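As written, the chains take the letters A, B, C, D, E and F, and residue 1 is the first residue of each chain.
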Amino acid sequence: MEPLDLLVVAPHPDDAEISVGGIIALSVRQKMRVGVLDLTTGEPTPHGSLQKRSEESSAATEILQLTWRENLQLPNRSVVPDLEARRRLAEVFRNVRPATILAPYWQDAHPDHVAASQLCDDARFWSKLSRSDLDGDPFWPPRLFHYFSIHLRIQPPPSFVVDVSSVIEQRMQAVTAYHSQLIEGRSQEFPTVVDDIRDRLRYWGWTIGTAYGEPLLNREAIGITSLSSLI
Amino acid sequence: MEPLDLLVVAPHPDDAEISVGGIIALSVRQKMRVGVLDLTTGEPTPHGSLQKRSEESSAATEILQLTWRENLQLPNRSVVPDLEARRRLAEVFRNVRPATILAPYWQDAHPDHVAASQLCDDARFWSKLSRSDLDGDPFWPPRLFHYFSIHLRIQPPPSFVVDVSSVIEQRMQAVTAYHSQLIEGRSQEFPTVVDDIRDRLRYWGWTIGTAYGEPLLNREAIGITSLSSLI
Amino acid sequence: MEPLDLLVVAPHPDDAEISVGGIIALSVRQKMRVGVLDLTTGEPTPHGSLQKRSEESSAATEILQLTWRENLQLPNRSVVPDLEARRRLAEVFRNVRPATILAPYWQDAHPDHVAASQLCDDARFWSKLSRSDLDGDPFWPPRLFHYFSIHLRIQPPPSFVVDVSSVIEQRMQAVTAYHSQLIEGRSQEFPTVVDDIRDRLRYWGWTIGTAYGEPLLNREAIGITSLSSLI
Amino acid sequence: MEPLDLLVVAPHPDDAEISVGGIIALSVRQKMRVGVLDLTTGEPTPHGSLQKRSEESSAATEILQLTWRENLQLPNRSVVPDLEARRRLAEVFRNVRPATILAPYWQDAHPDHVAASQLCDDARFWSKLSRSDLDGDPFWPPRLFHYFSIHLRIQPPPSFVVDVSSVIEQRMQAVTAYHSQLIEGRSQEFPTVVDDIRDRLRYWGWTIGTAYGEPLLNREAIGITSLSSLI
Amino acid sequence: MEPLDLLVVAPHPDDAEISVGGIIALSVRQKMRVGVLDLTTGEPTPHGSLQKRSEESSAATEILQLTWRENLQLPNRSVVPDLEARRRLAEVFRNVRPATILAPYWQDAHPDHVAASQLCDDARFWSKLSRSDLDGDPFWPPRLFHYFSIHLRIQPPPSFVVDVSSVIEQRMQAVTAYHSQLIEGRSQEFPTVVDDIRDRLRYWGWTIGTAYGEPLLNREAIGITSLSSLI
Amino acid sequence: MEPLDLLVVAPHPDDAEISVGGIIALSVRQKMRVGVLDLTTGEPTPHGSLQKRSEESSAATEILQLTWRENLQLPNRSVVPDLEARRRLAEVFRNVRPATILAPYWQDAHPDHVAASQLCDDARFWSKLSRSDLDGDPFWPPRLFHYFSIHLRIQPPPSFVVDVSSVIEQRMQAVTAYHSQLIEGRSQEFPTVVDDIRDRLRYWGWTIGTAYGEPLLNREAIGITSLSSLI
């Protein structure tokens, strides 16, 4: 297939939408080819089911107009960063050849997220291997940034913030598509889970002088070719 | 006079309200004696005047039910941390004998704020001097925390966050009392200056699992006597 | 059983006493229900035996007047953060339902401590799962702090320090109960291992203006409801 | 005059060239209007003179094809961040109306650099004042980044690095134009002062995967409108 | 055997040379006994073979005049920090009894390096165990520093930098001995991989005022007995 | 005069002894020439007088066997980092030509300490100036480290810790020589001010595996020429 410009690796269906739905929507508008790989089905959950979750994810995919979305079918709640999971993820990378990977942050109270973060690094490395029995051709995804869908109330200092003001309605619709996860059985009192998501985007928007923003972290230095590329 | 439990030192009338209006309102409700010392009149400004600003400040004082408020009459826009300003501030500390001082953060694009931050430290030290010609008796304000009313879009990692959800309406009224500073001549498009203030409180509220919060910084370690004092 | 207010998860019997014996004793005095879960027997060691260590641990438990103490019987020196250990720890959390967990710090030269730290996070997450085959009812331990019983000579900047001056004798007795670990075969020259433990508490006490203190780390922001809860 | 896109504020003639000569040359090639304001003559120095330094600076200005360069004539070695210096710098900002200011870093063993750094912040603030007796119209320079021309062997973690590989020869020529400062009377043994300058650019180039780079620091978050603007 | 003064643990043959070849050469000149333990063969790679890599490693060993070098034969690209690998590494530590271990940094895009870093800590701890079935006598390697051979373009702030100017030619020869890894099939355009290695040493040399330097990290405080031991 | 190996710049007589008395005593034993420059008399204080303080300082000088000690006679409590104070301090540096300067840390609740810290940097720079009207010949003190005699309960992460176990009694005698400052009128309950000083040294000693240590900070990287120079 034609390579992706952007691939979000999400432990569960809804993590990509919650944290970088705006970057996804914006990139699609900017004519990038954008994909999401969910590592697990995310089920069971208190109010979800395999079918509900799948429908919700399809709806969100539609809203965001994703180029590509698949599910790696790793065991929900029991993701382990072993060699077999590494292999399967590396083979996806070789297949979709993403210019940029967005991976979960490495510190999290949810063990699936911690494992997913490590797997992204490990599989990215394996993806480039020659002389291996991995499917596909060697490919090194040139950029890997971390996003914040964290089960702790922390948001580390980001490397940069993307202005997503122009797509805020669309990206919040993609969030609320996950009714079984974020609305059903949740407190309807202000601030709801959805309020929290939106208002965090407000905070990051303020940091760059816009209405809404999404933060990303790069362990390496940010390189630019002109001062004019900054807000 | 009877000592204050809390004294907020503000470079200009409105800085205390913008950044720690909730902590003020909450402390008043908790029967603390709370004061604000504005260092300057804050005027001239594009849409203010000495009279307007004074009326706005009086209105905010009323809304927050402050125990005490005065103005040190340092030169607006030209606050300099010299020995004379230090003396005058130290004498206020000796007079109101605050258990806790809230001071501006030391990094800021507004030189009055940088100077005010240094003056708080310097005057706190002078306040305790014996064998001096300062008015009043020696007094060491035991605690000094920094608040964030910063003319840069930064909010440093705080030492703790105070839950101000119960007083949010009251503290936002105290903010909007400064019509000439925060509303008049400002964009009425979302996000307005007032939206930015409220939504930052939302972010800090989220970090502690409440609706609204205000961050404070202590350069020293936070000491507690029981785990039950934390949210 | 009635839920615990505080549960210390310790890789080996003596880690809880060495690092947070004062917080334990203080919390017991404050009428909290306090437990310790040792993950392993801690044996073999150069001067210990299963029986000696068990007697020492019983003595310390008595000194601290713990409400509850159990041993998870994971393999000493070979603790691995796998799904089975996670399951067993999660089931303990569901049983004792702690309001606060104290977990080992994640960076350590002792692999059991690194593994124990990760297990606390992982099991805390599993503890809340519905629709699982775990024993007990879903329960989310609302607070998890990290303590410093580290086999490196580091003590990271803590989030807060608890004043344990009032229980210092008691908490040092709980430490010296582990004669086989901390005294037998150790240098009796100043500074002994016990001197080191006590004198580190002095340092942290100094940071908050008291005689003795114990530091704790919270990855999330500290939330308070009143400035008066701080020392 | 037509506003500048970029203004470098340099304590002495050669600081701009040493630290951000590449960003200057690159921005000029990208059709930006670029200026340098030297705060002092930089003289006396061991091997320089007012005339030599002025000729060297003119040569460098020519090499970099600067749009604008002036000298504020503050006292060399004795720059003090007082209100008068603040006024004079603010009036320059109002005159050249720079979209971006590059200011010296605030920590330095050279007191002129520390003072210059503070003056940039202070004068930027005054520049926007209405109802003042400052020359020119109110103007707020929207961006201020810090560059590293530091008399300590430190280079703090930058916010981003600009690829200056395409202008490396040109920017090194601008450096060596300052013969009296960087070559005359200096050791000709490897590594010379000029070697040190070039090789630091190599290090920062490596961090972004290019040959040469120049680091800049932004105290605020970096905002972007598309992931494609990053290297 | 007689104990080693210094043991470098390298995930693959060439990591020791790339990152701390100068420290090795310098220590040998200072009459220390220096060893390298490669954890894997490092093969396959695009341009290498078991035989080529082995010959290259022998050549580098010769150039650096190592006292001791062995290969642990863990699976290249698939190093996992499990108990069996820990055992094997601990038994090496008991055998060579190093006064100082140099271990890979713990954050890396190459999973072998991350695993190797953890293994060094884990095996160091096991090495000291009494009452175990490990080969050899209990031994605690007193110092463990981290070096930077990282597959990310980062070099964390080091604890100290070693001046390697006097051995720079020798240590670069040891690097270029790995022709199949660093030269063959690589771009010959400036900056080559070898240029990058040498120029990073220049940067660290500059930070301590010398021509070339190599950075090391100690998680614990650096202890000295006299100020005269510093450059 | 013959150059000093080490010069401690102290805001008041007792700061040098409180914070680096051990480094002083140790360096004297190691045959270094060590001096202290007190910037002010330190008087008035609640229990001191010019005569008492001078006698105490002389006693401490005797105990530490200092090579050189003088007092710059800047105004106590009112030290300001102006050009005149800079000149006077620079002339001392030119006179005693110290290989290493120990300066106060730059963050402090005592304004004299903040000013003294800046003066050390500023005067060190002026000290090297040629073509100036300063007394003495140009001299650049090659090393400047910061020590911690801070009026906040903070001790920042140091660059290194010096083992002062062998001189602990001597250095504590030098501290208690300041009877009017540290003992008279102070609480005699444990922990006294002197207990706090000694026990902080214990903490830093622990961090390097010795009985007592004193921390120093270097803003630049620590350079060494052999791993064997570290504890």
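We adopt the following convention: a residue touches a chain if its C-beta (ideal position, glycine included) is under 8 Å from a C-beta of that chain, and two chains touch if they have at least 3 such contacts.
On a predicted model such as this, the values are computed, not experimentally measured, just so you know.
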Ask   = Among the chains, which is located farthest from chain F on the basis of C-alpha centroids?
value = A
Query = Any idea if chain C and chain F meet via the same residues, over half in common, or different ones?
reply = same
Key: Inter-centroid spacing, chain E versus chain C (mean Cα positions, whole Å)   = 35
Ask   = Which integer distance in Å separates the CA centroid of chain E from that of chain F?
value = 39
Interface hub residues of chain A, defined as touching at least two other chains = 153-154, 207-209, 220-221
Message = Taking the top-of-page definition of touch, could you list the pairs of chains it picks out?
response = A-B, A-C, A-D, A-E, B-C, B-D, B-F, C-E, C-F, D-E, D-F, E-F
Task = Note which residues of chain D are touching chain B in the complex, please.
result = 83, 86, 118, 121-122, 124-126, 129-132, 144, 219-221
Ask   = Which bits of chain E are touching chain A when the two form their complex?
value = 44-46, 77-78, 80, 107, 109-111, 114, 151-154
Interface residues, chain C side, partner chain B - complex = 6, 23, 26-27, 30, 32, 100, 143, 158-163, 204, 207-210, 213, 215, 220-231
Note = chain D residues touching chain E in their complex are 153-154, 190-191, 195-196, 199-200, 202-203, 205-209, 211
